[in-house]
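Both of the next two complexes hold subunit A, though its partner changes from subunit B to subunit C.
So, the complex of A and B:
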C-alpha cells in the first residue's frame, strides 16, 4: 500500500467517511451496462442458485434454479441467462465502424495497414465483487465445451442451443478482466475501491455493503458504524440485514430458509410425479408452483439489495468525470470485443482449457504492458494520483527558475536546454536518470543533470524540440512555468515478437503437433453430474 | 589459493581422507562442463553456480573454446552491465578475438570502454555483426532479432534470473545452449498476477531453467563446487542456509583473508560491530525493537554511520590476491537494502556524512556484484509483518553473499519473533515444485548465526 493510500485510510478512520482516492473516474462506464448479480449453491462448485441480470435498474430479470443439483434445471437457467446476455452482446457486435489495423502481410512479411471493422461500442458487464468475476469465468468454463443436440446428436445431455456460445463470451470477458485497466467486465467493489479509500482493510472492502457504507453512510451515521452494521446486523430470525454480494450466500440463509424451501420443492415434485389422476396432478402442480415461487422469492430477497447497491455504486461513480485516457483504454476493450466477435464468426473452436506456451507468454506481456500503461495514465489524468507518485519519489512538480541554452556536441549540434526546477518533492534521482513530462499529450524526455541546492534540480531536455538548431516554440519550458516530471515512462514499448505456436522451440516443449489441432471435448460426465 | 598451496596439494596425498582441494575440484567440474558443452549429445547443458563460484570465468572460457572450435556463438545476458562486463573479460582474455556487441538504439546503450577495444564491433543491428565468432547482447535485444540460419551455439548467462517467456522469445535463435546461473538468487517476477499459469511446465513467469528442465529432464546438470568470493567464514552459512542440498565450499581457508583497521575502536556500537565483523566475517548491529516505516530513520542512520566509520578507521584487506594488505576504499564497499526507497534514504544519509562513492542498491541490482565489505539493512527490520516479498530466500541470499571479507547486518531486534508470528502462507499450487529452503527457514538459519556476532546498540 502506498504512503498516500495509508494516509487516506487514516483520514477516513478519523473522519468516519471514505476519502477520495481519485479526482476523475479511471474506468469506462457504459451508458447501458449489463449488471449481473449471481448466487451460487454452497458446496456445489459451479451450480448456480439464481441471478438478477439486466440493463434496467427497475426491472431486472430474475433467474432461479429451484433445485440447483438438477442438471436440466441448471441448463434451463443457463439458457435463460443466454437469452438475457447474448442479445445484449450481439446488439453491440452488430454496430461497427471502419478502422485501420497494422497486420503482417503473409506474402511479403511486411507490416501493412488493412481496413477492418471495429465495433462502435462494446457490451459492458458489471458484477458486484471480485468473486463474481471468478464466477463468470467458472460459468464460461462450464459452458463453452458443451455440445448442443445440433452439434452432436449423440450427446447424452445436449446443452440448449445458445449455451456454449454464452460460455465462450463469458470466458472472453473473464479473461479480459485480467488485463489491467480493462473495463469489459468490472467488479463494483474494485471500482469503488479504486476511487475511494475507506477506513477498513482492502479485504473488508470486498464486502460491497460495507464499502458503500463508508462512501455514502445512510442517515449521517459514521462510516465505521454503518459498515459494521452492513457486515453483521441480523434480524430477529438471525438473517443478515444486508445480504453478502455473493455469489456465496450466508450459511444462516442456506440452513434456515433455503434448505427447507428446496426440500419442500423436492417433496412437491416427487408428489407430482406420483400423482395418479388428473385432479391430483393439478393440485400437486399447484403445490410445486407455490414451492418454486417461494424459492424465487428467497433468491430475489438476497440478490435485490446487492442489485440496488451496484446501481447505487454506478451513480456515485458517474458523478466523477472520466479521466482523459479512459476512452483510449476503452478503445482497446472494443478491439478485444471485436476480435472475439470475429473469432466466433469465423467458426473457431472455443478457447482451450489451457493456454499454450506462446499464448501464455503473449498474455503475460500484454498485461504487464497494460499495467505500466495504466499506472502512468492514471497519474497523468489525475493530480491526486500524481501526488501519490510524487510522495513516493517517482515524480516531482515545481516551478522553472532558470533556462540556459546549451547544445549537444557533434556535427549537427542539437538544442539541449538546461532547465532549473525548484521543487519541494524529493524524487529518487540519480545521475543521468531520465525524467518525462507531458507536452501536448506526448512525453518529452529530460535527464537529470545535477542538483544545485536542496530542492533545486537541473534537467537537460533531450527531445521533442523539432529538427532545427533552435527549439520549436513552446517545446522548452520557460522561467516561471509550473512543470511536473515523472521518473516513469508515459508510453510503453511494444514487446518482443514471440514465435508462432507452431514454431514453439525445444526449450518449451516444441511445436504442439497434431493433438492440439483437435478441438477439446467437454469434461466427461460422472455420476455426480446426474441427479 | 596461493601458488605454493596449489603445488603442495597437487603432490601425492597419502592420508586416508584426502583433503578438499578447491582448485582441483573446480577444475574437474569445469572440464566436465566444457566436455558436455563442446562434445555432448544433448542440446542443452545447465550449470548451477553458487555465489562467486567463477560463473563469469566459466562463461568466458566456454565462449573462447567454442570460438576456437569455429562454432558461431551468441551470448545472452540479462542486463547491459552484464553484457559489457562479459565483453571486457573476453577482450582481456583474448584481445585478438573479434567480438560483436549488439546493443539497443537508446542513448548510451553500452559501456564507453568498449570503444577502446579494437577487436570489439558494436552495432544496433544484428546484420552488421554477422560472421563474427561471438556476438553478445541482452535477452531483451536478442528477442527483436530474426535470423534465417540459427546460431550453432548459445550461452545463456544468469539463466535463473531470466523469465521463461524471455527464453521463449530467443530460443529459436540457437541450436544448442549452455545455461549458467545461480539458483539461490532472486527468482524473476512479473508485475501482474500469473497464478493462471502456475503449474504449467511453460509458466511464462517461471525461470527459464525451470521451463527448460521441465521439458528436457535429461539435460546434463553440473554444479560449480567452490566459491572463490565468499570467505571461509561465510561459505558454510550461505551453503547451509540457501543451498542445503547442493553444498559448496569456499576456495580460501580461515586466515587467508584478513581485515584490519588502523584506527582503534572508540567503543561505540558501529565500531564494535566493525571489530566483530573484521574478526569473524559477520556482524549484527541490533537496534531496539520497534515497528518503523520502511525508511526507518534510525536504522538508515546506523547503516550510514557504520559505512562512515568503516572508511574513517582506515580498513585494510589482506587476501590471497595480493601479499600486502589493500586499503579498503569506498569502491569496495556496498550497502544492500530490500526496497528502492530504503536505498535512496541510505544514499541521502551517506551524503550527509560526506560519503558518495559507496554503492547503495537493492538486492535485485546487487545480484552478480562483488565487494570486500557489505552493510545490509535486514529486509525484515522494523516490520510488523513478514510478506512473501520480504521472506523471499533469494533476497536474503543475495544480500548475504556479496562480500569477500565481511558482512555487517543492521537490524531491529524482534525479527525472530516476527518470523514465528508469520509462518509462510503462500498457497500451494498444483504442479509447481516447492522451493527449498523456504524463506522462513533460511531467515532463521541466518539469524541464528548472526546472533553469535551480535552487538546491541541504542543510537
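So, the complex of A and C:
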C-alpha cells in the first residue's frame, strides 16, 4: 500500500466516509453481468447449500440443496445451476466477429496472419468476495471430471448431462481470475477495495457489508458505525443482521436455524418413504414440501442481502468513468473466452488436474506480464495511481522549460531534441536511463541526459518523430508544455517462446508421452450415498 | 480465564463458533480414519513416514482413560514408555494427553493421535477435515495444522526427555485429510522443524504469568459479573497492542479494536501502515503532519507525508472529481 492510499485511509477515518483510491474504473463491467452468490455447507468440500444466480437484479434464481449431504440433491442443484449459467455463456459464445491472429505455420514455420473468430463480447461472472472466486474454482474442479450416463453407462452415479461442461467453464473462469487485471470473474470486495480506501484495514475490507457501509453509509450514519453494525449487529434470535457474503455461513445460523430445518426435512423424507397408502403419502409429501420450502426461505434470507449488496456495488462502480485501457484488457479476456470456447468445440478433454510443465510456465509468464501491464496501464489511466508512482520515484511530471534541437551522429542525422523539464518529483534516474511518455496513446522514449540543477532534468527524445530530418509536428514537447514521463515501460514485451508440450525438455519431466493421451479418471466416489 | 465471557461482559462479544455441520463432519472423518484399531491410520504412517519398517499388523492400542487431565497425562507417559520399551511393534495412542509448560503454568494438550514406531520413535498425527485436492490443501490451513502439531512435538519432547534412553520424536508429522471430495483418508508428511523452533523460542520468551500479575495493581479482578466500566478499567491495566490480525485469533479483539480506534491508533489500519509512518502513531498526528500543521519537516516520514498529500490533492484536482 502506498503512502497515498494510507493517507486516504486516514482521511476516511477522520471523515467517516471512504475516500477515492482511483479516479477512473480500472475493471471492465459488462452491461449484463451474471451475479452468483453461493453458500456452502460448513466442513464439507464441494457440498453447496444453495445460491442466488442471474442477470436480473429483481429476479434472481434461487437454487437450494435441502440436504447437502445427499448426492442426488447436489446433482439436481448443479444441473439447475448449469441451466442458469450455460445459456448465458453460450449466448456470448455464439456471437462472433472476424479478427486476425498471428500463428506459426506448421509447414513453413513462418509467422502468418490467419483470420479467426473472436467472440464479440464475453460473459462476465461476479461473486461477492474472494472466497467466492475460490468456490467457483472448487465447483469447477468438482464437476469437470464427472461422467454422464452418456459418456460412461457403467458409472454408478452418473452426473446430469451438462454438469461436466459447466465444470469446465467454471474452471476456466477460476483460472482466468488469477490473471491480474482480467475481468471475466470478479469479486465485488476486490472491485470496491481497488477503487475506494476505507477507514479500516484491508483484512476487514474482505467483509462486503462493512466495505459498502464505508463507501455508502445508509441514512447519514458515519462509515465506522455503519461498518460495525454490518459486522456484528444481531437480531433477537442471535442472527447477524448482515449475513456474511459467503460461501461460508455464520455458525449461529447453521446451529440455530439451518440444522433443525434440515432435520425436519430428513424426518419428512423418511416418513414419506415409509408411507403405506396413497393418502398417507399425499399428506407426507405435503409435509416434505413444507420442510423444503422452509429451507429455501432460510437460504434466500441469507443470500438476498448479499445479492442486493453486490448490485449496489455495481451501481457505485458504474458511476466511475472507465479507464482508457480497460477496453484493451477486456479484449484479452474475450480472446481467453474465445479460446476456451474453441477448445470445447473441438472436443478437447477437460483441463487436467495438474498442468504440464510448459502450460504451467506459460501461465506463470502470462500472469507476470499481465501484472506489469496492469500496473503500467493503471498509472497511465489514472492520475491518482500515477501520483503513487511519482511518489515512489518511478515517474515524474513537470513543465518543459527549454527545447534545444540536436542531431544524432551518423550517415543520416536524425533529430535528437534535448528537452529540459522542471519537476518537483524525485525520480531515481541514472545516466542514460530510458524514460517514456504517452504520445497519442503510443509510448515515446527519451534518455536521461543530465541534471542542470536540483529538479531540472535534461532528456533526449529518441523516437516517434517520423523519418524526416525535421521531427513531425507535435512529436516533440514545446516550451511551457506539461509532461509526465515514467521510468517503467508502457507496453510489455513477451518473454522467450516456450517449446510445445511435446518438446518438453527432460529437465522438466520430458514430453508427456502416452500417459497424457489417456483421459483423466473421474474422482473416486464414496460408497455411501451420503458423504 | 474465560476470555469469551469476559468479552461479552465488556460489550464486544467474540464471534467465534463452530457450525455443528463442520463439527459432525470432523468427528465422523476422524472416527473413520481410526476405525479397526487404527489400521488405516497406521497404514498411512507406514506408507508416508516409515517405509523401511515392517508393515503394521495387530498394533497395540492402549487404553488411556483416567480421571482428570493430570491423570490422563500420567497415563499417556506410562503408555509411551511401555510402547517404546517393546521394540518391533506399532502402537497407536488415541487422544493422548500431554502437559506443556506455558509461561509458568501447565497447559494440557490433546493431539488426535501419537504413533510409536517399531524403532521406538514417536510421530504426531493430526487429523483435519479440510480436503486435500489433487494432492494439495489450503496453505493457510496446513500452516495452522503444522503450528498446532509443532506444539504437540514440543510437549512430546518434554515427555521423551524424562525417559532414558530418550526416544526420538520425529519432526515430520502426519497430516491426514479427506481425499478430494470423498471421505476417504489421504495423508501427507509435514516437516514442522521450523514451526517447532518458532514455538519453542516464543514459549521461552513469553512473559511469565507471575510477572504479568505482579505488574497489575492490587485488587484487580476480571470477573464477568463486575459492572462494565470497572471491568473495562481492569482490562485496561493489562497492556495490549491491537492489530487487525488479532481479529481471527483472540476473543477480546473486538474490545481491543474499539479501544484502539478510540485512541486513534494507526495500527488499527494494519501493521504495515504503522511501519511506514515513522514516529507518528495516531490518526490526528499523521493528518496534522500531512497538512503541514505539525511535525518536523526534516523528519523523512513527515516530508514523505507532505509530498504524498500534495500529490494526492493534485491528482484529485486533475481528475476534476475531488473527494467523494
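Following the convention adopted for this analysis, the second predicted complex is superposed on the first by the 526 of 531 C-alpha atoms of A that agree within 3 Å, B and C clash if a C-alpha of one lies under 4 Å from a C-alpha of the other, contacts with A are read in each partner's own complex, and residues count from 1 in each chain.
By our rule, contacts are C-beta pairs under 8 Å (C-beta built on N, C-alpha and C of every residue); 3 or more make two chains touch, one makes a residue touch a chain.
Every value quoted in this text rests on a predicted model; they were computed, and no experiment measured them.
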Touch test for A:155: subunit B only (first), subunit C only (second), both, or neither? neither
Larger residue footprint on subunit A, choosing between subunit B and subunit C, goes to C
Quick check on the superposed pair: does A:418 touch subunit B, subunit C, both, or neither? Answer first, second, both or neither. neither
Looking at the overlay, does A:344 come into contact with subunit B only (first), subunit C only (second), both, or neither? neither
Scan A:180 for contacts with subunit B and subunit C and give back first, second, both or neither. first
Check the residue A:507 against both partner chains and state whether it touches subunit B (first), subunit C (second), both, or neither. first
Check the residue A:354 against both partner chains and state whether it touches subunit B (first), subunit C (second), both, or neither. both
First, second, both or neither for A:86, with subunit B first and subunit C second: neither
On the A-aligned overlay, A:20 touches which partner chain: subunit B = first, subunit C = second, or both, or neither? second
Overlap of subunit B and subunit C contacts on subunit A, residues 354
If you look only at subunit B, which of its residues touch subunit A in the complex? 43-44, 107-108, 140, 143-144, 164-165, 167-169, 171-172, 190-194, 196-197, 200-205, 208, 211-212, 215-216, 340-341, 344
Across the complex, what residues on subunit A touch subunit B? 178, 180, 354-358, 360-361, 363-365, 367-368, 371-372, 392-393, 428, 432, 462, 495-499, 503-510
Hey, which residues of subunit C end up touching subunit A in the complex? 13, 15, 17-26, 129-131, 133-134, 178-184, 244-245, 247, 254, 261, 264, 266, 268-270, 272-273, 276-277, 283-284, 286-287, 290, 304-305, 307-309, 311-312, 314-316, 318-319, 321, 323-324
Taking the complex as given, what residues does subunit A use to touch subunit C? 1-4, 6-11, 13-15, 17-20, 23-24, 41-46, 138, 141-142, 196, 199-204, 224, 232, 249-252, 254-255, 259, 353-354, 382-384, 386-388, 390-391, 523-526, 531
